[in-house]
Structure formats: structure tokens, C-alpha cells
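Take a look at the structure set out below.
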Amino acid sequence: MPQIRRLQVAVSGLGRMGARHANHFLHRTPKAELVAAFTPEPREAAWAAEHLEPWGVKIYSDYDEMLKHTGLEAVCVATATTVHAEQTIKAIKAGKHVLCEKPLSTKLDISQQVFDTARAHPKQKVMCGFSRRFDSSYRNAYNLTKNGSIGRATILRSQTCDKYDPSGFFVAYAEFSGGIFVDCNIHDIDLALWFFSADGKGSPAVKSVVAFGVTALEPDLAKHGDVDNGVGVVEFWDGQIAYFYSSRMNAPGQHDMTEIIGTTGKLSVNANPTTGLLESHLPEGIHRDIPQNYYERFEQAFVTEAIEFTDAVLEDKPLPIDLESSVEAVKIGVALQDSLRNGKKIWFDKEGKRVDEDGQARARL
Amino acid sequence: MPQIRRLQVAVSGLGRMGARHANHFLHRTPKAELVAAFTPEPREAAWAAEHLEPWGVKIYSDYDEMLKHTGLEAVCVATATTVHAEQTIKAIKAGKHVLCEKPLSTKLDISQQVFDTARAHPKQKVMCGFSRRFDSSYRNAYNLTKNGSIGRATILRSQTCDKYDPSGFFVAYAEFSGGIFVDCNIHDIDLALWFFSADGKGSPAVKSVVAFGVTALEPDLAKHGDVDNGVGVVEFWDGQIAYFYSSRMNAPGQHDMTEIIGTTGKLSVNANPTTGLLESHLPEGIHRDIPQNYYERFEQAFVTEAIEFTDAVLEDKPLPIDLESSVEAVKIGVALQDSLRNGKKIWFDKEGKRVDEDGQARARL
Amino acid sequence: MPQIRRLQVAVSGLGRMGARHANHFLHRTPKAELVAAFTPEPREAAWAAEHLEPWGVKIYSDYDEMLKHTGLEAVCVATATTVHAEQTIKAIKAGKHVLCEKPLSTKLDISQQVFDTARAHPKQKVMCGFSRRFDSSYRNAYNLTKNGSIGRATILRSQTCDKYDPSGFFVAYAEFSGGIFVDCNIHDIDLALWFFSADGKGSPAVKSVVAFGVTALEPDLAKHGDVDNGVGVVEFWDGQIAYFYSSRMNAPGQHDMTEIIGTTGKLSVNANPTTGLLESHLPEGIHRDIPQNYYERFEQAFVTEAIEFTDAVLEDKPLPIDLESSVEAVKIGVALQDSLRNGKKIWFDKEGKRVDEDGQARARL
Amino acid sequence: MPQIRRLQVAVSGLGRMGARHANHFLHRTPKAELVAAFTPEPREAAWAAEHLEPWGVKIYSDYDEMLKHTGLEAVCVATATTVHAEQTIKAIKAGKHVLCEKPLSTKLDISQQVFDTARAHPKQKVMCGFSRRFDSSYRNAYNLTKNGSIGRATILRSQTCDKYDPSGFFVAYAEFSGGIFVDCNIHDIDLALWFFSADGKGSPAVKSVVAFGVTALEPDLAKHGDVDNGVGVVEFWDGQIAYFYSSRMNAPGQHDMTEIIGTTGKLSVNANPTTGLLESHLPEGIHRDIPQNYYERFEQAFVTEAIEFTDAVLEDKPLPIDLESSVEAVKIGVALQDSLRNGKKIWFDKEGKRVDEDGQARARL
């Protein structure tokens, strides 16, 4: 008989990403056992009846009931962004460890509440799932940065580009998403916070941000103060700059890429997007495919995320992602979105507080 | 309670590859349950006590005893090549399904015995595990070939190049490996049989083979009629040519690549080897790493192999690889190794029988 | 005897780039004849005595004298940036056609004077040599953009990254260069003006700019209000955005790259920098070199520039680059440098005039 | 007035390649002066009247007359292969230096006559123009090989693949071309002779060759004992192997590539064919173009060839290519073509003489 103790996990939300998380905990995280799942959606419940229940997973239509599932130890929150924070806070208060999909919230103050709740329960593990931190290429880049291979990391360029979805889903979703900088570039912001902390000085302090954008294909985005192409720059007090691009209209598919530029070298992740190792030499020229969505690109990273979250809980080890930085990412994303909307450059003081522009807009050199 | 029926699997041999197979069936094949494993090696048994027994896997030091494990349905044979055939035949006779590591044997007649035994037990699934057939890039290439994207597949170039192992392991191993064409290029031969059957005419019939080789780094290989670099050409009766290269001294790591050349296009798998999506821009130039061994390159293919073998057994579906072609691969590999050793071109008649050279060495055009 | 009429050309300045221009007109521009060259520098004159005089080129130490060279028709101005404008204006007034190295000047008003002088001499050809416009990869990208292959060009990302020069030359040069945005990114700005005009609406009108920068390796640059790494964003009134990066510390060499992102596709120029078609597979991994400076990257573009300038003059055809856009590039470069220095976002009205920030910093969406 | 002495050159043949050579010597070889050209073809003569005569080039319709052109010093023979040898021998006997297009002849004995004639005129420079030796990527690879970067060069793989020409030109041409191994792979053979001599031991001695081929698209090639896809292997007495592929049906264009594999590394030239630095990211995926013919790939190499031939003559320096190796290349190419036709492996003794197969076909290890 198996003598291995396995973490008892529930997944909340069985939409696109929730179903994937459920599969990862069920089949690809040996030391976890998916015991419960919550969804209020009949369509998702039907999927669960077919794919989860036969494996012994109990399906709940009430989140609070699910939290009472006997033996439940941890919850993976993968519902709509609007309820991330509420569900995370409830789970923490119920004594559960939590892996919450990004972002914690589209609002800074609510993100902060999640953080405060987690800090009040120091024995529980609470992590916001920034999947790129679990991708092997990003990790190799981080390790090279940390060991000094590129000198001091100074400039970070990063982009999140989705394939155009002609269904217009993302237009309607813009009402809730927080905008392109909070929904897409939040990953790139998180990478900047991660890589710029690689010199051991901790999270870098933001100094100013500015953002630009256009609605090239979906003018209706303007209703929600949003765009389908965004460019943002973030300057840090310690002499580092990150600049971002996000797009909802990348023709061939998903193209997320990052460059970390140091004083003695540059690391480039995914400058040459591809789905695999196949190239076709055809009469029209040479051709290759790229991933069609972020899951095709980051599937293994999500699995690693589940495995490492599980290990951190079981062995009471530090989590791979510091929750404070996930709040900081929301702060920067919200400021970029504000700058996009009001056309202004936004400043922060060294303590991280947004300040009046005129008081700060002085010569910098 | 889980209502899923899972295939009861045992793994024979817990060496390098056997341990990986055990992990795949244990943790990465949801519909399989690893229930038993066999190893006569105390070191491997110690590993199993730590990594398999806690998950409820019973460890045997006697292969025949393992075959009697209650409820056992299938065996993955991953022992040394020299006992592949014997264990496979025993398992078949004991009523088990078998996934056997490649090659079936280094001898053609023994490979044929495996095939004959399998044919006598038509309800059992017996497959030789040519892992590349489960790799997504090769599969995409195969599907493109099959749907006519490159016209008629005519030329196949394929190579298997290992990183140099200064321990000399492969020199000693040459006594048992069957030689570089049977040990390494057997994969490339299998690919030729697979891709050249994509036009629906079944396995192509070999017409002649010739091989060359050198011992660039390990002259002791000559004792076993082997080399560390081999070049071979295989001609088929139906107007197709495959040519192969194998090396034991590829500097940066594993570089297995294949080109399938059709009348209207070419497919290239792994012309640009890489471990991931990271490139380093350093003062010396631009740098990337490549896999260090075949498992780094094909890990996911091995997992898919386990999953698909399991599915084929559970659902009584055809196996992805035809056993007859695996015997044919041994026939061609052995002929190439013979050609390497005697310096002669070797001919086959249209029925697949090796024939005297003089009777065949006539003008071909 | 040759019956071909060849353009009589002089080169002014025989420094690094001037010597190259002299060679291009002397040996690689069949329809041009290099007849004269000017340099006040003894070291450059010595070089000319060895490499130009034997081919019949007359060397002058006085620019005005050179302009009087019998039969002289055109001048290539390749002196220090500080005298570009003065020499160009003199040459125009002397009735010569002029190819002037970029930028026309580091000052907007002086650039405008060049333009006004040229407009007053409409029969003479005056072009600012933005070499990238003559590069075959950029031209292919431009033609694809113009023919609609990527829909409407909406976002342009472009960078100019030099290999670090530890001699500190560029630090001293910062006194005269106009700063990194005028010296380096001027090329990228020119590309934005070019590609965004590909929809046939002419040069796009700038709406706002903002710039950031750091001195990662050379703090002394701050004396001249300059940096060694710059990030800038330029927004146009017609809903297009260009964003730029420049660096003086790119480890392996020169890496200038550009992406043009349209509503239905993206064109990428030099995402994979390389010096040629060689890759080395070595024990440390896979390695390739990249160009060490912009001339290694753009040599052929400079030759094409000389050939096409010559053809335009001989056949009285339109020049490939509109002089007005070269003034606009200076305007934008100067504004970026100002933004870098004062930390402010800078706005322009639709007529192209810089306006007070407060009057413009209103909501944009 | 110019004081430079320029080599007085004539080009024989103004077909496709001859016209290019004429342009190179006329416009891109500063120290050469194209003074004469020969063509018996009215169409070529009309081209010359427009493009060469205005530059002072005298056009001849009689080769012998051209050889008498006053002051003529060197001839570039670029006529049909069938007259290469005859014209080269005549020019040598007339006291001229000769750059002869490859191959010297499709016959070994005639190639040898060229060599013997050249040896009898030791003060004249005679070179067979294997253009790849002048390509910068190949040269970088050669220099790395020579300086030991990859240990001892042991295996060479090389291919010459043309875009399919549906006009069938190459089918008719097969009557004169000597066959695919003499016409196409002769370049690859030359590379093997070059790289395998990089260890300083001089040209390697061939031991055996074998060739295979198919007519995938043009069955009429069989009339001339030729194929549209060929695979050949050449073994050298000193423990080195070269293997070749040639094709007349490469879908996207010209793809000539080479790998040089040494005991400690591998050099790869053109594993990733491309026309430049542009990639298109389109809805169908990522796309790039490749050269459409060998001139697009090797244009600059041909120019360098003209320049270096000129320099070698003017300065009486050794030529970059040894004429003896060009005869050896013909010997190997002819043997491969013979092997293709008769299906036999062909052997050579250590003195380079072809020997009876039975006397040699013994065990080799």
C-alpha cells in the first residue's frame, strides 16, 4: 500500500484555466491528490462529472461548502479575476494554503488585503501563480543573471502578445480585466521585479511609469479605457528600466518574449518563437508554427508550479514567489493603465507612494 | 472512490532507462498503475526501495516471479539489450502485453522469434519502443508527409549523435550493443521505415545497404567490429533512399536530426538543436545549449509512449508501431553493421532476402 | 574607349566613415568617379596619399578649394556631425548635389536651414544618408508593408545597440553627438517615419514623446546630459506608436533590430543577429558571432546608397529619401533627448509644434 | 592620372555565369580591367554591346582572335563545360593566366591534360574557380578547422540542392554535365579535399566511393545515366569520410550546406538558409525566404574570387586553390557517377589508382 502522504487539494473554478489546474493536480503532481473542485457553472460541472468524478474528486457548487471538505489542505483559486481575492481570503481564513491565479486583483487595495490576510496567517502558504517563473528557459536566464553572467541587470524588455481572437471575447472581458497592462503585462512586470531583484537587493522600487496605446482592431475597447496594443515604460529608483509591449493581435499566435540586458551581456528568452523542432521547406519558403495561446507555450511551467507549490507546503519550504512582489506588480500595472488613460507620466517616491506629478517632474540627470 | 480502471504494469530492469520507465508508469501515465518491478541489481533495488516501494510497488529480484504478480497485465522490458527478447517472449507466453525497449535483439533470428511469438498471441499487444515516433515534432512531420505536403517522400537523412562519454562506457558496451548501426542508427532506420510507409504502400522493401565508419577517438572499438562514427546508405526497391550518420563524439551534446525530402518539399526536424528558448549574448558571441543526452531530448516522447501503449491495451486499439517493422529495422541495422565490417555493399531481393553480391551487382539505371 | 558618363564626386572628410565612402565611390559605384577628397587631418591625408591619389583622386586640405575642383558635380559630406550642415549648405550654394551623412545636424533649426537651402535649389539632389533604408532586409520589409502584407503598420520597435567601446571614445564624443537619441536612435526614428508613411499618407505627425535612460557603465556621460542606455517612446497623431532602445554596451557586438507590427502581421529584421552562415558546435554549446560594428552590418547598404544617389543624379530621378523627413527625424530625436534630460513627456500639436505640457496633458482615450 | 597597374582580363563566354564574371571584372575588381570578351552567340553579343562595349570592352566572336588582344594578360573561361579544358589549354599556351569555371572537364584524362599544360607553364597562374572557397562563412569554418578548434576533421557532410526548374533545362543538360556528382557535388567534393587538408598533410587520398540515386521528378535523366537526387559516400585512406547529397528539386530554392565534424567539435555552414535578416510573422506562421539559385547565395564569393585571382597574378602570389586538387575532384566525381550507374562500390589504391573491386573488397576493420 502507498505510504506517501499526498497534499489534499481543491480547485476553485473549472473554466479554461481551472480545468487545466485540476488536471495538473489530479494527474501530473504525484504528491498532490485532487479531492474537490468548485464550480457554479452547469457546463463546467458536466465536464467535471466526466473528467474528475470518476477519479474520486468531489464536485461542489458552493465555494464555502468546498472549503469544509474533510481533510482539505490547499486550494487553487482559478475563477474569474473578480473573485480571486475574495476566495483567497476566505480560504486563508479557513486555514488553507492557497495558490491563486494572477492577478490577485485588478485593484491595488484589494490585492493589499490579500497580502495582509496572508501575513496574519504565517503558517499557511499563499502564492500568486505567475507561471513564467516556473518556465525552464526563464529559470535558466534568472540563474545566469543571479550568478553574474551578464553583470548587473539594467534593462528589461518584455512582451505579451496574444493571437487575435476575432470572437471579440477580450473586448467584453476588458470591463473586468483591469486593462491590458494589468491583464497581460502583469507577467512582464512580475519578471522585471524578479530579475531586478537578482542582485540580492530585493524588489526594486518603482520611480515612474508611462504608458501609450492604440486600438488598432477593436475601437470598442476605448469604452473601458483599454487598448489592443500597449507600450509602457517603468523606471526604478535604483537605475533600472523595464519596457513592455502587449498586443491582442499577434498574427501567428502567442509570442511572449523577454530580454534581460546587463552590463556585460544580454539574455534573450523566446526571440525565435516556435512550437517545436520542425521546419517546413516549401515552395513559398521556410515555415514554422508558433504556439497558439499561452498554455501551449507554458503548459509545463503550470505543471511545475503545481508540483513546487505542493512541495513547499508538504515540506514547509519557502514559496518560489514572494507574495509582496505580486502586490507590487498590481501597483505598477494599475499605474501604467492610469497613465495610458490620462496621458500623464506617473511618479512614485522612494517609499513607493504615488506622488503629484508637479512635485516630482524635475530634471533627472 | 475512483471508478477508473488502470492497467497493472510492471517494469523489468531499473537501470538508467528502466528507472525512467518506472517513473513514467508510476507518475505520468494516469491510466496505468505501476504494481511491480524487477531488478537483479542490489544498487537498483536500493533505488527502488526508496522511490518505488513507498508508492506501493512490489520489487522482485526474480523475473519469473514478477510475471506471476497477481493482476499483472503488462510488462515494460527495459533490461540490457541481450535479454530483451527472452524476457519479452516469456512475458508474452505468460499472457502479458509487452512494451519492449529497442532493439528487440541485436540478432535478426532472435528478433524474428519475438515477432513469431507475438503473432501466436494475437490478443496481446507487443510493441518495440521507438521513442521518436512519439515525439511531437516527428509526428507533425509524419502527418504533413502523410497528407501530401511534401509530395512523395523520396530521400530521408537522419542522424543519431551522442555527446562524447570519456568514461569509455560505450567502448565496453560495444561487445553487446550490436554495433553503432544497431544501437544508434536503429532509430533512424525505424524513421525511414515509418516515413516511407506514409504513402500508404506499407513498409518499403530494402534493396541494398552500404556502410562506412571510423574510430576517431576510441580505436578499441575495432575489437568489436565497431566504430565511433558511422555513415550508412539504404536503398529501397521502390525508389527511395535513406542515409544515416551516427557519432559517439558530438561535442555540445545530443544532436539527433532528420530531414524528409519529398518531391515538393522538405521537412526538417531539429536542424537547430537547443535545450529551450534561451540564448545568451555574451562578449564572445551568441551562445545556446543543447540537450546532453537522448532523454533530455525525448523525455516527453517516452511519457507519450507509456500513455499510448496503455491506451492501446485498455481500449484494445492498434498499437502506434507495427512489430514487423521493428524486426525489419534490426535486419537493416545488422546488414549495415556487416557492410561496415566487410567493406561490401549488401543486396536484398524483392522478397527481402539477402543475396549474393555478384548476382545482383548489375547496372541499375 | 569608355563612352559612359560618370558622376564626378568628391568626399569631404576621410575619417572612419569618410574613408569608406571614398572607397565606395572609387571602386564600387561604377557610374561614379571619385575625383577629389577633402581632409584637414594630416593622418587622413597620409592615408589618402596611399589609397586615393594613385587612383587619380585629388586631395584638398581646404573644403572651399575642393568645391572649385573642375568638373565636380556632387559632394559626399562625411565629416564630423558639427560641420555637416555648414558643408552641405556651402556645397548646395556652389551648385553641387549632396549626400550628407546623418544627422543633418544635432540642432533642429540648423537642420531646417539645410532643408531651406536645398528647397531653394530644386535642381540639385540633396539627401541625408540613412543607410538602413538601403539595406535589402529593410527594403523587403518596407515593400511587404507597402503592399499590405501586414495590414496597417501600427507599432514599430527598433533598437540601435553598439558593442561597448572601453576606450571611452563615445563619452568624450557625447559633447558633440547630440546625445544617444540623436546619435543612435535617429536611425530608428527615420525607420518609423519611413514605415509609417508606407500607407501612402506621407510622414506621420508626432504627438508626444518620452524618454528614459541610465548610465550603467559610463557615469561621466551625465555631464553632457547623456546616457549609455536609452528607452524612448514616440506617439503619432494618426494612432501609431514607435518605441526605441539604444545601448552603448551590447556585449557581443552590433545588434540593430526592428519589428514592424501591423494589424495582420509582423515583420522582424535581425531578430537573430549573425555575421554569416556559420555556427560552431563546441563542448560549451552552440556559438555564433555577430557584427562588431554598424559597418560590418550595413556595408552593402552604404554601397547601395552611393550607387542609388549616383543614379538619381545622373538620371534626374527622385531620391530614395525625402529630405523633409530627415529634418523631422532630428526634431523627434532632440525632443527625446530633452525628455530624457527633464523627465517630462513632451507634446506636439497637429501642426508639429512643441506645446506646453499642461495645455495638452489631458485624457487621451 | 591613375598610376595603378590593372590586370588586363578577358572573359570567354557570356552566358549566365560568363556575364556575371564580366561584370565582376569590369566593376567590382578594382585592380582588374576587363578589356575583351568572347562569345559566339548573337544573343550574348547583343547583351555585350549594351553592357560591356560602352565601358571600352572589345567583343570577339572568335576565341583565338581574342587571345591575341593586345596587352591581354588573363582569361576567365566561363563557357560551356565541354570547352573549358580546350580553351584553358589554348590560353595557357598563349601565355595567359587562367581562371576556369568548375569543373575543368567532365573527363578525368582531359582534366589531367589541363593540369599537365599548366605545370609546363609554371610562371602562369591557373585556377579552377570553386566559388565556395571564397565564401566568408566557409573561410571562417576553414580557419577554425586549421587552428584546431574542432580537433581533427573526420567527417564532412555536404549538399548541393537546387530549386526545381520545371523548364527541364537540366534534363537536356545532363547529356553534357557529366552527371549530378560531377556537375553539383563537385563543389562538395572540393570542400572535402580542402577541409581534410587543413591538418597540413595535403590532399587526402581516396580509398573508395559509392553512390546511389533516384529520378523522382525527371525519369528522362536515366537516358544519360543521371538522377535528380544523389547520395554518395567517399572514404579516404587516412580515416576520413565525406558524404554528399545533391538534389534538383529543393522546393524553396538553393540550399547548399556543409558540416565539418572534428574530434572535438562541429562546424555548420548554412544549416539555416535565408536570404537575409527578415522574418515574416503571418497568420499562417513564421516565414522566411531562401536564395533562389547559387548566385544569390554566392555572389560575393564570386567577386572575391575575381579579386583574389587578380591579386595573385599581379603580385605573383600562390593561388588560393591548388590545381591538382581540382583534378582530384573530377576523379572522385567521375567515380561516384560510375558507381551510381553500375551499382558497385569503387576502390582506389593508396597511389590513387582505381583497382578491381574483388582485389580490394576485404574486411576493413
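Order of writing sets the chain letters: A, B, C and D. Residues in each chain are counted from 1.
Quick note on the criterion: contacts are C-beta pairs under 8 Å (C-beta built on N, C-alpha and C of every residue); 3 or more make two chains touch, one makes a residue touch a chain.
Keep in mind that what you see is a predicted model, and the values were worked out from it rather than measured.
In terms of C-beta pairs in contact, A-C outnumbers the other of A-D and A-C. Of the pairs listed in A-B, B-C or B-D, the one whose interface repeats that of C-D, with over half of its contact pairs matching by residue number, is A-B.
With centres taken as mean Cα positions, chain D sits 56 Å from chain A.
Taking the mean of the C-alpha atoms as each chain's centre, chain A and chain C sit 40 Å apart.
The residues of chain C that reach two or more other chains are 150, 250-251, 264-266, 271-273, 281-283, listed in rising order.
Only residues 150, 152, 154-155, 157, 208, 210, 212-217, 222, 225, 227, 229, 231, 233, 235, 239-241, 243, 245, 247, 249-251, 261, 263-266, 271-272, 340-345, 360-365 of chain D touch chain B when the two sit together in their complex.
Put simply, chain B touches chain A in their complex at residues 1-4, 26-28, 30, 54-56, 136-137, 140-141, 144, 149-150, 264-273, 275-283. The touching residues of chain A, when paired with chain D in their complex, are 250-253, 255, 273-274, 281-290.
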